[in-house]
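What follows is a set of structures for review.
Look at the two complexes coming up: chain A is in both, with chain B in one and chain C in the other.
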Partner chain A sequence: MRRMNGRQKTALLFGAAVIFLVLVTIAGQVLSEAAMATDFSRKDRPPCPEYLFGTDWMGRDMFVRTLTGLSMSIRIGLLAAGVSSLLALFLGIVSATMGRAVDSLVTWVIDLVMGIPHILLLILISYACGKGFKGVVIGVSLTHWTSLARLIRGEVLQLKEASYIKAAGKLGLSPWQIAWKHMVPHLFPQFLVGLILLFPHAILHEASITFLGFGLSPEQPAVGVILSESMQYLAMGKWWLALFPGLLLVLTVALFDVAGESLRKLLDPGSAHV
Partner chain B sequence: MILEAKHISFRYGTDSRQILNDFSLKLTCEERVGLIAPSGSGKTTFCKILAGYEKPDEGEVLLDGRPLSEYKGYCPVQMIWQHPEQVVNPRLCMKEVLAEGDHLEQRIAEGLGIETDWLNRYPAELSGGELQRFCIARALGERTRFVLADEISTMLDLITQSQIWSFLIQEVEKRGIGLLAVSHSTPLLKQVCTRVEDLE
Partner chain C sequence: MKRRKISFIIAVILGMNLFSGCGPNYESSAGEAPRQEEQKETGTGLSENGAGDSVIVAMGPNSEPEAGFDPAYGWGAGEHVHEPLIQSTLTVTNPDLSIGYDLAVDMQVSEDGMTWTVTIRDDVKFTDGEPLTASDVAFTYNTVKDTSSVNDFTMLKEATAVNDTTVEFHMSQAYSIWPYTMAIVGIVPEHAYGPDYGEHPIGSGRYLMKQWDKGQQIIFEANPDYYGEEIKMKRVTVVFMEEDAAFAAAKAGQVDLAYTAAAYSDQSIDGYELLSFETVDNRGFNLPAVPVGTDAQGNVIGNDFTSDLQVRRAINIGLDRQEMLENVVNGYGTPAYSVCDKMPWYNSAAEVEYDQEEAKTILEEAGWKEGSGGIREKNGVRAAFNLLYPASDSLRQALAADTQNQLKELGIEVTIEGVGWDTAYDRAQAEPLMWGWGAHSPMELYNIYHTLENGLAGFSPYANETVDQYMDEALAASDLDTSYELWQKAQWDGTTGITQEGDIPWIWLVNIDHLYWSRENLKVAEQKLHPHGHGWSIVNNVDQWIWQ
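Moving on, here comes the complex of A and B:
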């Protein structure tokens, strides 16, 4: 078989990561009924061929429950990261192009949000918005846009001063043509990679505030709920309740990271020949 | 057409050194003027002012008696920069860079020795000299009336230098484009230009 070049390998890696994440999301949606089903005749089973991740104290299939939880996490992550990065794109561009007063206002807000410990702000916003799915999404969206906004602001400021942008103006291109032809190719990869790298943050923070009890409600099969409940049973030797969901959460987060990194490599001409 | 710089004074910021002090220059479409001065004496700055990239603190730049800033859209005064890698967008391939020029004729790219194979590459995949040919080509669009060549051949070997200069001279003579050539090298300017001025 012909050996693949680095670019094809990267594309394959990206494809595999995306397919896995999509499959988990769909499977979790389809199995959400099964994840709630309790059956006391099969409670507290350790992992076996029939129940890959074992069952919990109410006889719920942990494999199905984990998949549903991850699916929920991915959907929350997708929504929160999407809202967050659009906010970042908008505020970053506005900050760089609308003059000094707007710029100092936006940078002040960025500093303010960054200055408060992340998890604290997240808990406050989520709690104020009534917790649950809505609270978590709003909380994560409003706390995660800052670093991407700062990045995009810097990028636009730098681009505005670049000689090739000024030269394009002298060659008769209108501001819109310059924005579209010269700026978007620089901003789009930053934006897309920023968006994808926000997922792991969003998912982990969703899991952590749910674990702390300020996120999703206990009956929803979210990863954070699964992990916090299983803590109580860990001391009783039921190791599988925390181990497998935890591992799968780590895997999901790592895969998002892989997808983001490989996309960055594919989009950057500097690594066109890796 | 006549390009005229009248009593130009300029400094970067407010408390830095005075770079240009009451400097005037006039050139016509038929002329090739050489501008000579040592390093750091404001040659590039003067070109930037003349091409409209910078506004002078005092004085004005006139093209046929009208301020250059009144010409909207394509600027009839095009500058070719010393460092071509700064004036091409690293994320556009060379085909698109060339397409930004104003109705470029095929023979310009050919005359400068641009190979078709280069068109599908990104700027980082070309050498400085190869990139400079694209910048020269791009500046020679249909509506160009004056070309400011700021140390355009310093990174080239002698054979390529003479190749590029002879094409450029031929092209500006044929189309009646005025040329301002800036360099440290007196022999080069004497060879290329009809008249040599000192910036000091």
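Moving on, here comes the complex of A and C:
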């Protein structure tokens, strides 16, 4: 077999990670009904070929439950990352192009949000929004945009001094036209990579907040709920309830990182050797 | 770009910290540390070989009395009733839940039920040496009436001391079951009662509170001047820990008796046996018995599906309680048919046979025909409801899930949802909620089934004039035996009531056995049926426990 070059390998890695994540998301969606099903005739089974991750004290299939939980995490992550990155893009550009007053306002908001411990802010927002699914989604979405906004603001500040931007200005384009036509294309790779790298944060925070009990009610299959339930059963020797869901969560988060990193290398080859 | 990588790693680590950070909390602070202190202090580690006259009992963290040992703030006479140990009570409940005497030697009630006269012993001293007189009793009751935040004393108008040994209770309404209230109110000393009484209690009961390390343990020592039977267990230490920590503590031999849950019942610990005590600690759900509407505040009340009497009857006999017991508590429990199974005021007419076919027939005849997806329908109403359960309670979650599975076989679609207590009470007005009840007093029947001013019962909308009337009569009865009969009639009088043949506004599922890991050579004295609350009831008679 022909040896692949680095770029092809990276592309393959990216493809594999994305395919896996998409599969988990779809499988979880398809199996969401089965994840809620309880069957007391099969409770407390250790892992076996039929139930790969075992079953819990109500006879729920932990494999299905974990997949559904991760699927929900990924979907919440998708929404949160989407909202956060758009917010970051908008605020970053506005901050860098609309003058000093707007800039200091935006940086002040960024500092404010970053100044509050993240998990605390998450809990506050999701509590204020009535907990539950809605609360988690809003909380996670509204707290992840700051660092990306800062990054984009920096990039835009730098771009503003570039001669082609200045030329465009002299040619009579409005700031918005410049931002849209000349800056956004330049920022796009940064933006895309930033978006993907927001996922792991969002997913871990979703898991944390549901673990702490501020999110979903316990019959819902969410990774945090699964892990916090499993704590009660560790003392009884039911290790499988915590181990496999935990591992799969770590794997998912790691794969998002792999996907983000390989995408960065593909879009920005110059940085591959940094 | 390296920075991004690093920040990601930091985020992961922080995330992990968050998870592991919950570990210590979860295990509860009452794990190892206090035990070591305890060992040091007793010096001998008596419990290590399980002998002598001291015992260490592990209870759940919620059992620790937040406001201390003041009956006005719920000690003994709170949401979960038990004997107050430190204080004496006028009466006690016997193992069969009839009434016996502690301080009292005689009690009389006037013909109209409005005056109770209780004569008390004259040889009782508080542990500070002062004698206990009728004026202490009157003071106690007037205090709890004014300040109790956790129990209802509105039926009492005033307590007065007639002389040193006689106290009179003047009632604001006839209350025949007053002796059951007298069994849980610990008598406090008038001369030594103040805002800090809860932390420095003085009583005349079997034990003195020796030491209280908040969040960890409470140490009791036998009252040397106790007037009653000899106290065999001289020193009782109660430690507070979560279920898994209590299990670990028993495994490590650090406690002599540890509360546990049915989920642990398939485990075993060397040198320990699993004790199981029957209870009236029941679980069941309400079925709102009126159609959907709104109350004066605009809250939703009632449920179009469960307001159909035939539906409630079908659900009651369509649930296999025995199977539920096996599934949810590994068989450690008994089927429940009422809120007060086996109590003297229980009417056994509440018992029903499980009959799935009959349940289906009832639904068919009531017009609930099978529709799409096997779920029944009638006039466009789907045979479906949302069953709520307290989100923190995995046992009730399992009961809700099993109910869901069993009712599906009848063609009823149930969804389950965990809720917090902040919203549960309001939502239960329109949706069934998995409750836990069970008290050593018939008043619970009244609280659940009797109507309030708005014409409906408080916890779940329901009204039946006849049932109300029997309960009113029961409270007005002049002696307990008559009142028992009336309480029973309130449940079923031959034509109407709250049982299967009656209105069946609540479905009772199971009474949960209270389970404990106990050292094999510890002899725990006979227990009366435990009420709701897996806490202090076990030590009601700790003075009579012995090591063998």
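Operating definition for what follows: the second predicted complex is superposed on the first by the 247 of 274 C-alpha atoms of A that agree within 3 Å, B and C clash if a C-alpha of one lies under 4 Å from a C-alpha of the other, contacts with A are read in each partner's own complex, and residues count from 1 in each chain.
Methods note: a contact is a pair of C-beta atoms (placed from the backbone, for glycine too) under 8 Å apart; a residue touches a chain by one contact, two chains touch by 3 or more.
Keep in mind the model is a prediction, meaning the values are calculated, not measured.
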First, second, both or neither for A:185, with chain B first and chain C second: first
Partner chain(s) touched by A:39 [first = chain B, second = chain C, both, neither]: second
First, second, both or neither for A:12, with chain B first and chain C second: neither
Touching partner for A:120 - first (chain B), second (chain C), both, neither: neither
Partner with the higher number of touched chain A residues, chain C or chain B: C
First (chain B), second (chain C), both or neither touched by A:172: first
Which superposed partner A:26 touches (first chain B, second chain C, both, neither): neither
Contacts of A:147 with chain B and chain C, given as first, second, both or neither: second
Footprint of chain C on chain A - complex, ascending: 38-40, 43, 57-58, 119, 147, 197, 200-201, 204-205, 207-208, 211-213, 217-219, 227-229, 231-237, 253, 257, 261, 264, 271, 274
Chain A-facing residues of chain C, complex: 1-2, 4-5, 7-8, 11-12, 15, 18-19, 22-23, 26, 243-244, 247-248, 263-264, 267, 326-328, 391-392, 394, 397-398, 401-402, 404-405, 416-419
In the complex, chain B residues that touch chain A: 51-53, 73-75, 78-79, 81, 86-92, 96, 100-102, 122, 124-125, 138, 141
Chain A to chain B touching residues, read off their complex: 162-168, 170-173, 181-182, 185-186, 269-270, 272
